[in-house]
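Okay, got some structures for you below.
You will see chain A twice below: alongside chain B first, and alongside chain C after that.
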Partner chain A sequence: MIIDCAVHPVLGDEEFNREIGGPWNLLKLPPLFGDRYRAPLDQLAVPAEEASSPAAVAEQLRRAGVDYAVLSPTTRGYWPNPQQATAVARAANKLFAEKWLNAPEGEGRFLGSIRIALNDVDVALREIDRWADDERFVQLVVPARALGTYGEQRFFPIWRAAVERGLAVFIHDDLGTLCEPPPSQVGFPSHFAEIHAIRPMSAIVHLTSFIVAGVFERLPDLRVVLGDVSVHAARSLAIRTDKDWQSDRLEVPWVSKDPTTYLERNVRFVTQPDDEISPHSSSAAGTIGGDNSSLVVFGSRHPYWDGVRAEDVFTTWSEKDRARCLADNALQFYPRLAARVSAEISS
Partner chain B sequence: MRYVVGPVADLPPGSSKVVFPEKVKSGVGVFNVNGEFYALKNTCPHMGGPLCVGKVRGTSAAEMPVDCQPEVHWVRHGEIVSCPWHHWEFDIKTGRTIFESRQKVRSYPVSIETAEEFERLKAGVETIPVSVEGATVVLDV
Partner chain C sequence: MTTATLTRPQAQENRFDTVDIKVIDTDVHVEPRSFDELIPYLDAPWRDRANLIDAVPWSRSTYKTLDGGGRKDAYPEKGDIGSDPEMVGRQLFVDDPIDFAMLLPWSFRGLTVDPRLDTALASAVNKWLADTWLSKYNAESRYFGAITVSVDDPVGAAREIDKWGGHPAFRQVLIGHYGPRPFGHPSYDSIWEAAARHGLPISMHFRGGATQPLGWTSTGPLQYFVEYHSLIAPMAYASHMVSWICNGVLDRHPEMKVVFVEGGFLWYRPVVDRLQRHWKMTGHELSLRKTPLEYVHDHFRFASQPIEENTDSQKIAALFEEANAAELLLFSSDYPHYDYDPPSKALPRSLDAEVKKRILSENARVLYDLPKTRPVDRFDRAVGGLQ
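Up next, the complex of A and B:
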């Protein structure tokens, strides 16, 4: 079985803007890949019309042998106007549900992500309620480039709602974003190649924030999927947090376990470009502090150009370890996926 | 082996002292926590730092209300010693770390002897020159 946890249906500008409605669609949508750092290449691996066609994406998944795909459209990051942000998230969910989840070509493969605007927690909770009864939505998706770290208390009700509704939380770097915080602690890099290389940073900041703020301590069943950081990169940073935890804990006494314990319990990592060449990927266990084969979920990142095929991930691992990455870990981690698959097997 | 630390009057509540019996080269810290005496080996199990010259203080504890952010409370003031090297915290009464770990610092029994008993013991114990008026702190190492 193959479960692809990172497929990105592109909502075409025209249809998306029509769905967003007035007066917000009087403004042009920002470009999908952002406008500050233009790539010296086409960032879509397929023609644009195929990236926004459910039939074409379904065909791609069928050819790749994918049984289930978790789809998450982008809503271009953080929108400063809260009413507009609400309209954009709702339009994305509606368009996605109608056009993609209901597409007959999906043949049951398509699973969805609920987009929420983070400007106002109450509005976000209402948007979750609007869609969460539909079991095909298996997760929330929030942008990695955020204006605050996700361990902050103001976001907590959203994570609690995710747990209550059996939804995972996917943190994804949307690239194109209206409000862009400086992408690094030293401000703005100069080139696309830099932006492309440092994408994991924001996810590492959120992960550390979740752990240290005690979100995983308070919500032991919260499931966070990180879309843009490899398990090796995250683990090396978390080990660094472990190192001085006997001393650092004084400020945050609610953290009752070593930081890496939470990483292993509450977080999974979508396969990354660095997995394909990293020496840490050659063995499933023991390279950076533990068993990585239980922490990675396969994501093709289709239709982006730096995506990966299932047969190319962790090629040196045993069949059993690869099977965990390609399907078993996702089945265990996404509560709704486990329920869906066991229901289908028994029916 | 018994080791005379000194007069009780020299170690008031909240104070501590590191002594160096023959048997324990790195020294032993003797602490008066609210009138009770405790002794820990002056070696941090983490990296071998001189634990007992560290700061004696309290520690933080969490309260997690369901409806708002976690709260921090300062608790057990005077019962915790933190190593001067990396600030690992140990419970003076047990030698255990505050944050869960398998590491533990060795502790020793401490007794308070009256002046008369002290005189009787004197012949058989290693002493340091102190003028003893009242009760004496004695360490078993």
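Up next, the complex of A and C:
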């Protein structure tokens, strides 16, 4: 079985803007990948119309042998105006539910993500309620670059709602409004190659924030999936946090286990193109803390340029470990996925 | 005994005897006894405005260890921590078997909003260091200095480097982690040009003082010191490293070397792997001569403290070796701070003995062009005696 945990359907400008409705549709949407950093390459691996076509994406997944795919569209960045942000998130969910989840070509493969705007937590909770009864939605999506770190208390009701509804939380880079903070703490780099290299940092900040602020302690069932971070990058910084926690745990007495323990329990990492060249990937046991084969979930990142094919994933791992990465880890991690698959098997 | 695993130089009677250099500490903080000691080194008109400089916060309680910050046994009876040459010399060279100490003064606290004030303070710190720790307190020639500069005043910084670049004891340039743009930005180029011209490596040490932004990330401010201290330095260093590579700075200044201090080691590999993976596609517009990993090998080094640790000594040693610690890692203790790593405990136990030797002294010796031996001195003779 193959479960693809990171497929990114593109909501086309025209249909998306129509769905957003007035008055916001009087304005143009920012481009899909933002316009600050021009990539010296085409960031879509397929023609734009295929990236926006449920039939084409379904065909791609069928050819790749994918049984289930978790789809998450982007909403083009952090919208500062709360009314506009709400309209954009709701439009994304509505368009996605109608056009993608209900597409007959999906043949039951498509699973969904609920987009929420973080400007107003009450509104975000209502948006979750609007869609969460549909069991095909398996996660929330929040942007990697927000205006706060996700351990902040103001976000807590969102994570609590995710746990209560059996939804995972997917953190994914989503840029475009030019309102997001600079991609590094030392300001704006000058090239696409630079921001691509440091992209994982934002989600690692959230991961650390969840751990240190005690969110995983208060919500032991919270499941967080990072879309742009290799497990090696996350571990290389968590090992520092382990040490600072040891010497300064007086500051965060609620953190009862070392930070890496929460990482292993509450977080999974979508396969990255660079996983395989990391010196730490040659064997699962070669990594501090050991078992990475249970922490990585396969995600093709289709239709993006830096995608990963199932047959290229961790080719040096044993078949058993690869199988875990391709399906079992996701089945164990996303509460709704396990329920869905077991229901289908028994029917 | 914290130093039991390292062989000590034997005390010698003949004062012209020499010992081999076995431990070079690349991160030692020394300070004036108090700010008053710095005032005479300020140039006019800043000497008359010393109160303005003294008001620049030394550290900030926004993000600060609750542990106090200093080694409990390193506070002298009088004066600030790291200010008593007898105590510092004894703790580094007698209690621990350190041969040379690379001094990184903390007195330049960080950036303020006034680049002229920053350069005035940097300039005073350099004069003070040259006059005290690099001469008066340096009869044994165990100390080497760093030229403190303010990156927010690149012209003033280059002038400072030119002023001290020929001084025999200044062996590097010291900068902080913060700048309004990543350091490959062309506005900083005069600093790297001057350092490379004088053959001086650049030591980057994160700073939590003055009034520069602290703890802000690409996704908002951090809440806790535990997050700040584990993430801020490596994230800033990664941004600068990638920026220096991608903006051609290392092609323009092939002699340039950078040491990332107190910011970890293992993180660099995933960051550079990610840059390297798609280099043909993302890097082709940059017209660079080498691959990212080649730039790292040729230009970047990492100081060891606080060393990444794991209870499985073999696993962590394997990670260090995979990340090429043998060539890229330099020992550092962070004396006199609370998280001091003594040389005997700084490295994973299972690391290959030859690799350990390189990390403890040889890598730094080559980088800073330091001697292979030194004369036996009074510190050697004090080893083993009661203090």
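We adopt the following convention: the second predicted complex is superposed on the first by the 341 of 347 C-alpha atoms of A that agree within 3 Å, B and C clash if a C-alpha of one lies under 4 Å from a C-alpha of the other, contacts with A are read in each partner's own complex, and residues count from 1 in each chain.
Keep in mind that, in the parts below, a residue touches a chain if its C-beta (ideal position, glycine included) is under 8 Å from a C-beta of that chain, and two chains touch if they have at least 3 such contacts.
Nothing here was measured: the structure is a model prediction, and the numbers come from that model.
The larger set of touched chain A residues comes from C, when the choice is between chain B and chain C.
After overlaying the two complexes on the shared chain, residue contacts for A:D244 are found with chain B and with chain C alike.
Of the two partner chains placed around the shared chain by superposition, neither chain B nor chain C is touched by A:G22. In the superposition on chain A, A:P104 contacts neither chain B nor chain C. Once the two complexes are laid over each other on the shared chain, residue contacts for A:P183 go to chain C alone; chain B is not touched. Contacts of A:W254 after superposition on the shared chain: chain B is touched, whereas chain C is not.
With both structures placed on the common chain, the touch criterion links A:R218 to chain B but leaves chain C unconnected. Applying the stated touch rule to the two superposed structures, the overlap between the chain B and chain C interfaces on chain A comprises residues 244-245, 247, 249-252. The touching residues of chain A, counted against chain C in their complex, run 39-41, 144-149, 151-152, 180-194, 196-202, 204-206, 208-209, 212-213, 230, 232-233, 236-237, 239-245, 247-252, 255, 272-274, 277-280, 285-289, 305-306. Chain A contributes residues 153, 156, 214, 217-218, 244-247, 249-254, 256-257 to its touches with chain B in the complex. Those residues of chain B whose C-beta lies close enough to touch chain A in the complex are 46, 59-62, 64, 68-70, 72, 82, 86-89, 97-101. Within the complex formed with chain A, the residues of chain C that make contact are 65-67, 177-185, 213, 216-227, 229-232, 234-236, 238-240, 242-243, 246-247, 264, 266-267, 269-279, 281-286, 306, 308-310, 312, 315-316, 318-319, 322-323, 338-339.
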